[in-house]
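Below is one structure, written out as structure tokens; the observations come after it.
Chain IDs A, B, C and D follow the sequence of writing; residue 1 opens each chain.
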Amino acid sequence: MQLPDWWQTDPCQRFTLGPREIPGRIWTASGCFGYGLSGHDISSPEFASPYDGIGAVVTKTVTPQPRAGNPMPRLAELPCGALNSIGLQNVGIDHFVSEVLPELERLGVPTIVSLAATRPDEFGEMTRRLHAVAGRYDHWHGVELNLSCPNVAEGGHDFGRSAETVAACVAAARPHLPDRCLLAKLTPNVGEIAPLAHAAVAAGADAIAAINTVIGLEVDLASGQPLLPRRFGGYSGPAILPIALAKVDEIVCEVGAAVVGIGGIATSEDALKFFALGAVAVQVGTAQLRDPFATAEIARELSR
Amino acid sequence: MNGGQSGNRLRLTGHVLANTAISSGLIRLDLDLGRPVSFAPGQFAMLNLTGPDSLVFSRPFSILACEETVVSFLYRVVGRGTALLARQEPGCVVTFFGPLGGSFPPPPDDSPVVILAGGVGLPPLYAWWRRYRRGEDRAYFGGRDGADVPWSLLEEGWRVSVDRLTNLPPGAEAWEGLVVDYGRHELTTSDGPRLVLACGPAPLLRAAARWAAEGNWPCLVSVEERMGCGYGVCNGCVVPLLATGDATDAVLPYATCCEEGPVFAAERIDWDAFARTE
Amino acid sequence: MQLPDWWQTDPCQRFTLGPREIPGRIWTASGCFGYGLSGHDISSPEFASPYDGIGAVVTKTVTPQPRAGNPMPRLAELPCGALNSIGLQNVGIDHFVSEVLPELERLGVPTIVSLAATRPDEFGEMTRRLHAVAGRYDHWHGVELNLSCPNVAEGGHDFGRSAETVAACVAAARPHLPDRCLLAKLTPNVGEIAPLAHAAVAAGADAIAAINTVIGLEVDLASGQPLLPRRFGGYSGPAILPIALAKVDEIVCEVGAAVVGIGGIATSEDALKFFALGAVAVQVGTAQLRDPFATAEIARELSR
Amino acid sequence: MNGGQSGNRLRLTGHVLANTAISSGLIRLDLDLGRPVSFAPGQFAMLNLTGPDSLVFSRPFSILACEETVVSFLYRVVGRGTALLARQEPGCVVTFFGPLGGSFPPPPDDSPVVILAGGVGLPPLYAWWRRYRRGEDRAYFGGRDGADVPWSLLEEGWRVSVDRLTNLPPGAEAWEGLVVDYGRHELTTSDGPRLVLACGPAPLLRAAARWAAEGNWPCLVSVEERMGCGYGVCNGCVVPLLATGDATDAVLPYATCCEEGPVFAAERIDWDAFARTE
């Protein structure tokens, strides 16, 4: 693509986010690149690896205990996007800290750890666990609090819809991240996102990650029943791009916070739209599932 | 899980060489990838179209064969993606990401192998049969009727069953009934152990697993699940496993079909929870 | 299409909604078929007129005073939908009652009048005006309170996001509609729609119309600025179908109210998905702009 | 507003007869509608594709000609919709909804007409010229260069101007400069009133309006706005008008381009508010 004149940033250069330098501005989104370990045996004629040019991998969300996730089917492809209901299947913080984090370090993957919990103090506990081992991990750059997953029964999306809860979770995590960045990932399934963003920033978040998936439902016509066992799922992909842009604009205009834009990015044009509104970085989700080099390709196309 | 990765996973751009029906319901796609690719029988690739036809999720298809730079698939039109795929003419671009997942293992020394393939479940076992077949091994293919069977692929000793004994080409032979019943009809479980390899629709896999269990035979099945990524990063394709007592399994009873599968030991699968739209 | 077994309704037959019989279940959505007067000189080989089989036309929203609407551009086409920022351009209730309503009656258009205002008492006043002339209008079947337009500065979407306001507006209108049905059209731009639906029904609404457009934004890449002068607009069309289905499901499951489903319907399959979830009728918006026979075609395809 | 509806508005299914470039930038589309259609010069139709290529909004195009069952258009590829349209081959289905909107009126008895058409603004005025032209009327067309001009359409007395005097076919004549300047160069405003009819990009319309105003000549322009529906139901296509003092106008200073336009008296338009991406 022909880059517009106003775009003069090199997204593959380090930039400062809170107390940390992050290697670049084009990231993979949580849940869409596993824990960040699955790309090393993948190559293409154009890229040595899917990590080329990627500023950070946001891991699959990790919870205090391992979670089995939801029953199948967990995915529904729609004409302009997808519904998912994975249900935060993950190995739990213990296994993550003992097995996954060392491997990410060994492989040199720039990592943001995504965390979810049902009580603010659990966020404190999990970040404390990370802090305790922080000295060993140069490639671990920060934490993203997932305050917005629609696919879990407790906590999850209802959880992150009140400013008080958002503030409490951020406040619980902040003290354990003296030199790592702290992002709060917010749900778009609210009337106004700005008050939540304001609460997160006031409590110490370095940036807002927006958006998580939009609540959606698909019906199986033959049976007349919802296709996913939990009825609704999280809507992602190109269809939600305009919704994500509106939420990011709301946060930038009303709160002035640093925002990492997420939602519907499939091309470098899509990513540029977030930067045009003032986002400091972006994350690629569903498109990264379709093609392991989607994020790398956007990073390359946006490089000046 | 079985077999394991054979070399690197590659994301390539393929050009359609041929995309033509080889039976009433089955289409063979030959893609030129511009460079040689190797695979193990049972591995698959994620395919997608480009431009406005590009699908939100790529689609998994088992690899039928690789000859030099050309990789081949066998598929049936079932929905939007396969309908679009069927419309691609020679020269069109199809993205390829593979080979992915595990594979069916080479034959064991100590027992004959029985292959049960149904419909588009043929590619993994066709590839296995071409690569590994020995005199005592048996291969069964099940189709809908004589016209549905891809006869050209089944020359080397395949036995064919059909749901309806109609539209049989001259000289072709087929048994009427389900493919597992054909096997059961010919082989008795008392003749000693056999390794059963099955791929096809879920009812076939269940029946194969049940038959093997009767004779205490080992059985490997290749299962299908909806996939988001094909490379183990989304957890969208999980297969429910029976708890083994092992600590991790107890909390995570699911294995990814794309990375830990698609080939699983039949006795590890929780068949009750494995509910597929059949 | 092949109709599924569970679908045994004839959508072109009269059905009861509150105190009224409505001619059918497939309607045009507010703002997407004008005041309902523009279809009479339109024909096609398959249909005598765009009104064939249509159960009701919901008029463009009418306000107490005429409104000029927003500056151009007012529309942006997106890959899977559209953004609009019309801004409730309309002739005002006076002109509507004196000029438009008689014409709708003369032409026999089954009509639901959409109303918007900035204070509950204005809804009372507008419905009182309609009630005063009700005796003359057999084809006027009811009122839809637009409590959810995102494209006006005052009132509009913030307005309809509180249960109290929704209840007050419905309560103000209800007494003047003794024999006409009263719908409350709600915004999807809230965390939970069920409490609003509950408030509307408790205050006397016969049904909930859901959803209005979703807040969205499009960026013009060359300038790096939002494409619409008011930055955001209302997102409609196929992309919002899963969102609309989820909201309708929420209302049906949690409130048990009669729901008229709206959002992203372009085909008879799309409409059926709302009926599968329990909707009593549906409205076609953006698809009706593309093709004046879109609604008529869906009605015909769903007829048993 | 001018002219008014000529008969019913029809929603038909057309089949492409021809869709080929007639200049470097202009494509002529001939659609067979299967039944005769009549139109007035200046009216337009909403076109769309079907199936997966179908666009959320149909696209407005002025009608160039109707001969029996065949309706013709002239267009330039500028974005997604026109790019898709350009790919339609003979036999492809294109939906047609028209004729829509008002038209350029027949010539007045008392004064000659000056036509100013720029690029894809040609169809309305080409149609007018073919139907109504008299000896004293003048038609000017402006193109980018000699290759951009659809010479085959401009045989009957059209005068051609081009931005760059290059790529002129042998024997063809053109004036270098803007089309309004060509008119201004040939016709003086002191020679008595003329009716100016203009269609083309916004700068052309503005210039035409300004020139006409200088001589106090009446001027009608056909304007383009983004359209959602084309039949007056969405209010997405409004053109800002100057207040006339009339009560309704005062509160609703906008007229729909699709139903009240696309042809407007130039002096009614609020040119300052009429901001188009040019």
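Quick note on the criterion: a contact is a pair of C-beta atoms (placed from the backbone, for glycine too) under 8 Å apart; a residue touches a chain by one contact, two chains touch by 3 or more.
Note that the coordinates shown come from a computational prediction; the quantities given were computed from them, not determined experimentally.
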item: Centroid comparison with subunit C (C-alpha atoms), farthest chain; value: B
item: Inter-centroid spacing, subunit C versus subunit A (mean Cα positions, whole Å); value: 35
item: Interchain centroid distance [CA atoms averaged], subunit B/subunit D, Å; value: 58
item: Set of subunit C residues in contact with two or more other chains; value: 78, 80-81, 238
item: Set of subunit D residues in contact with two or more other chains; value: none
item: Touch-based graph of the chains, sorted into line, ring, star, complete or other; value: ring
item: Pairwise chain contacts, counting only pairs that touch as defined; value: A-B, A-C, B-D, C-D
item: Residues of subunit C touching subunit D in the complex; value: 31-34, 38-39, 41-45, 60, 65-69, 71-78, 80-82, 84, 86, 89, 91-92, 95, 237-238, 286, 288-293
item: In the complex with subunit A, residue positions of subunit B that touch it; value: 5, 8-13, 35, 48, 54-58, 95, 97, 225-229, 231-238, 240, 248, 251-254, 259, 273, 275, 277
item: Residues on subunit D engaged by subunit B in the complex (per definition of touch); value: 52-53
item: Of subunit A, residues touching subunit C in the complex; value: 4, 6-7, 78-81, 83, 161, 189-191, 214-219, 221-226, 231-232, 235, 238-243, 245-246, 249, 269, 272-273, 276-277
